[in-house]
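Before I ask anything, here is the structure I am working with.
Note that the chains take the letters A, B, C and D in the order they are written out, and that residue 1 is the start of every chain.
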Amino acid sequence: MSNINNLAIDEKYEIKRLDKTSDNTEVIEVKAEKLFETATYLKMNKDTQFNMLISLCGVDKLEHFEVIYHLYSTIFNKKLILKVILNKNTPEIESISPVYSAANWHERETYDLFGIKFSNHPELTRILLPTDWKGYPLRKNYVNNDERLSWNQR
Amino acid sequence: MKNAVNKTISGIIEIARGMATIMKHFFRPSITLEYPEKKPDLPPRFRGRLALLTNSDGTDACIGCKSCVKVCPCVDLIQIETSKDPETKKIVVEQFTIDIGRCIFCGNCTEICPKNAIVSTDEFELADYSRESLVFDKKALTLDPEKSQRLRDKKEKEVK
Amino acid sequence: MNKLIENSIKKDMLINVGPQHPSTHGVLRLILTLEGEIIKDTKPVIGYLHRGKEKLAESRTYFQYLPMVDRVDYLSGFFYQAALCYAAESIGEIKVPKRAEYIRLITMEFNRIASHLLWLGSFLLDLGATSPLFYVFREREKIITLFEELTGQRMMYNFYTYGGVKKDFPEGWIAKAIDLCKEMPKLFDEYEAIITKNPIVLERTQKTGILSKELGLNYGITGPNIRASGVNLDLRKSNTYSVYNETDFKTCLAQSGDSYARYIVRVQEMRESLKIVEQALKQIPGGTPEKLKVKKVNCNCNREECEYCGFDSKLAEKKINPMTFKLPIGEATAMIESARGIIACYLVSDGTAKPYRIKWRTPSFSAVQILPELIKNSPYSDLMPIFGSLDVVLPEVDR
Amino acid sequence: MYDLYAKILNILRLPEIIAQLTWAVIPFACIAALMVFVVIFLVLMERKFLAWLTVRKGPNRVGPNGFLQTFADAIKLLFKEDIMSEETNKLLFTIAPVIAFAPVMIIYGLMPFTEHLIAINIAVGLFLVFALSSLTTVGIVLAGWSSNNKYSLLGGMRSAAQAISYEIPLVIAVLSIAVLAGSLNLKEIVTAQSGGLFSWNIFPAFIGFIVLFICSIAEVNRVPFDLPEAESELVSGYNTEYSGMKFALFFLAEYAALFIMSVLISTLFLGGYLPPFNDYLSIILLDNIIKNQAIMDILIHLEQGFWLVAKTYTLLFLIIWIRGTLPRLRADQLMGFSWKFLLPLAFINLILTSIIKLAIQGY
């Protein structure tokens, strides 16, 4: 069985265990610097084998950003959520696209909608929104004041 | 060489089988519904254009509670203006406007309505030349008592 | 002059496929670098259909948001509503009655067949065969008509609600559905007669667009696409979110991972889905609506374990008032095996009537991402069959 | 015939020089009319048959049962705006449809529709037919290049490659006919097949018939060889940029070529205008009733036309049926199929027919 209750990992990767979500998924908090190593470990270790990145998204928690990684292991059939808390002023985190290729576009999307920068990303540009879009729409303080986009009533 | 011959023969057989299957359809009746002349049979639950019902005495069934406004996923799609009658202290619906051009026909408003005053009709041919003509005001939305009764009967039959 | 020579030496050609192209299945733009007819490089450009579904959620209540998610994937709308409902139900700890779960399962599996049928038609249209498109539309029409009778709409159903479904089956629906289940396998046989062993189809699809196991997992490819590569990943079996554990079916696998394997897996999956539906229609608690009604007149027991009026036979736990519906603080991820792969709905609730954040993980998003890897060094003619075999729906990519 | 024509003009009090000048034009006018009529009917037939194969109704709005639909379409195409992009090579863009269209029209003149209904009867008719039919490709390549559109260019190039590789098995398959008939004159080839069903060329040269049938489908760019205009990848191939009358010319050329290829196959392999019996049906049935030789001639003429049309439309139906069934091949598979499969078959056929010819005639 998948085993992430290993204390040695906790110390080595500075993992903080959080409450489970309502659907009984384990959540662990990882420091931004340690994320890449943790993800590599979780993918490569034969006790965990989280071989799939289901999704990656950002959440604006008003005082900080959270980046949430949904990992999935097809071998043990287990879900895991990694949470990384980022400073709101300089949101920057290392890209995990070398570990999971799927992260490439998901990171671009998070950059597009939240403005979180992923260092070492091969091509960090807007993906869903046009390249000349102003601002990052999913931030809670986003106000659309681009007059080109104002909807002309009827 | 033998392989190639086998492949050719099986290929010819499979193509012939496929062509025979296609030919079967040549003799089947066509499934086309010749639309403008023949209309499709719509089930009673069909969600078409919205309409307002009236009571049998000709008064509005709507009581102006604005529930439909609150559940409508499109902001400002339904606009209701009410005023209080000074004599009877009842709420009078003065304006009831639906912009059908923006309606997504989700049926939320018909489900929430406490008096079943707003219902979906069978009407689905809503194409028009301008957006303005798709904005239905209260007069255009309200059905006369006879039609309202017919629609009510139909809905009740379905619920049963 | 130098530049002229340089240009004439340059062997590759840039070609811009889409956003308006007859067979990009929507509005996808691919910037291809061709050397002769061989594709050397691909750059997909997406976002033409971005409607801000995640942003819209923040300004709508849970009930206002519910009809919108059908439109994420217009070919299988039930799955998206189910994902949202499951996420909200696990946060709010809302129990769903069994009859409602069965209705969800039946509609979802029918929807999977409808979606796969349309895929089959459009895939063969990409290959150049026109007739199967019309045949699959004829069959899909039968399923869609059933949905129309049940929900009132043909594509945007808005039928599920938090804690159940909105309406019961209309009278005679179950009989019609059983008839359809009996009729369908013969029609699938007909498609297989036209397609499965056709030498041209074999030539075009075998050994093209090979997706290896490792590559697929690394890119997060799910659903029939990864099952065609031999990965046994089926959430219906492993996570059993609805009442799938009460039905008997097998996961369809293929090993080669090429376009043909994806075709085979989907065709088999349609047959399996029919089996699931057939079983579910027989097992549904409370039986047919006609039976339920007859019994309800006599049965006033209101006991929980009663077959006809107990909790299992209800449609929703209790009538939830959309005006006051709120979820407690919490977060949940609902993962569902849709027609195209795993849908994940990550829902964060802050205790108000509006969702704080909803993230949609869509299978087509990953499928478009892997496209450059699959079509590299293949001829330009293979672009559309490979892309078609991935079963991408563009509104789902852009959300 | 000319005398009659001159007499008519004389009655109308026109100088004889007009008769001399216009006499040469008449066959071409007739051919053009025939061609347009054939295409209009063929398009309607294809649409109807495809619709029935795919459980639809097909065109049924214009005229009785949609009979006038293609006329309506033709009129629409005539009135459509002729769009030409800035980037095109104007001269070649305009000339390309004509180059694609003209050779097909000449082939119509070379075909023996009945015993006497043949506009240009020359000794090397068969040779000329294939020389002309490959010219159409030049028009398509020109169209692809001059449109200055990458899809069109790819379509044009594919068409050129396809035409070159399919021309060879085609010609070798037809060579067996020349061996069997001992002539390149189309009328003589038909006459050599007289004597009922079993003296048709299809029996000694069945493989050749198959090869020619497949190659002619490829030659006129039909499914499963419709790569030059594969709409799922090349939008519409070489005619992406064309509209209005120029597009109509391409369309006309394509369907006219389809028809004439079927006529050619029935002429070469299925006995052309000859009936499948030893004798003409009208002779068998009406010989004792009608004593007038002139009326009998006309009847035989009509019957010959009927047999040719019947054979041609059977082949056309087969082609439409194939279109309804098969998907498209890939460009390299198409080439491989031609060079690795059809060409050896064509040679085998040539050798076989030669042996048969030797065995029968003994020299």
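Throughout what follows, contacts are C-beta pairs under 8 Å (C-beta built on N, C-alpha and C of every residue); 3 or more make two chains touch, one makes a residue touch a chain.
Note that the coordinates shown come from a computational prediction; the quantities given were computed from them, not determined experimentally.
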item	value
Contact-graph distance - origin subunit A, target subunit C	1
Touching both subunit A and subunit B (chains)	C
Centroid comparison with subunit A (C-alpha atoms), farthest chain	D
Between the pairs B-C and B-D, the one where more C-beta pairs touch	B-C
Closest chain to global C-alpha mean, per-chain Cα centroids	C
Euclidean distance of C-alpha centroids - subunit B vs subunit C, Å	24
Rounded Å distance between subunit B and subunit D, as computed from the means of their C-alpha atoms	52
Approximate Å spacing (C-alpha centroids) for the pair subunit C, subunit D	47
Whole-Å gap separating subunit A and subunit D, where each centre is the average of the chain's CA atoms	64
Residues within subunit A bordering two or more other chains	none
Residues within subunit D bordering two or more other chains	53-56, 324-326
Residues within subunit C bordering two or more other chains	131, 135, 138, 194, 198, 200
Contacting residues of subunit C [partner subunit D, same complex]	13, 15, 21-23, 37, 124-131, 133-135, 138, 194, 198, 200-201, 203-204, 379-384
Residues of subunit A defined as touching subunit C within the complex	21-23, 25, 51-55, 57, 59-60, 68, 70, 72, 74, 77, 79, 81, 100-102, 104-106, 113, 126-130, 137-138, 140
Subunit A-facing residues of subunit C, complex	46-47, 50, 52, 54-55, 58, 87, 90-91, 93, 215, 217-220, 222, 231-233, 238-239, 330-335, 342, 344, 346, 348, 356-357, 359, 361, 365-366, 369, 398-399
Interface residues, subunit B side, partner subunit C - complex	7, 10-11, 14-15, 17-18, 21-22, 24-25, 31, 42-47, 67, 70-73, 75, 104-108, 111-112, 120, 158
Residue numbers on subunit C that touch subunit B, as the complex places them	59-61, 63-68, 71, 131, 135, 138, 141, 148-153, 156, 158, 166-167, 170, 190, 193-195, 197-200, 322-323
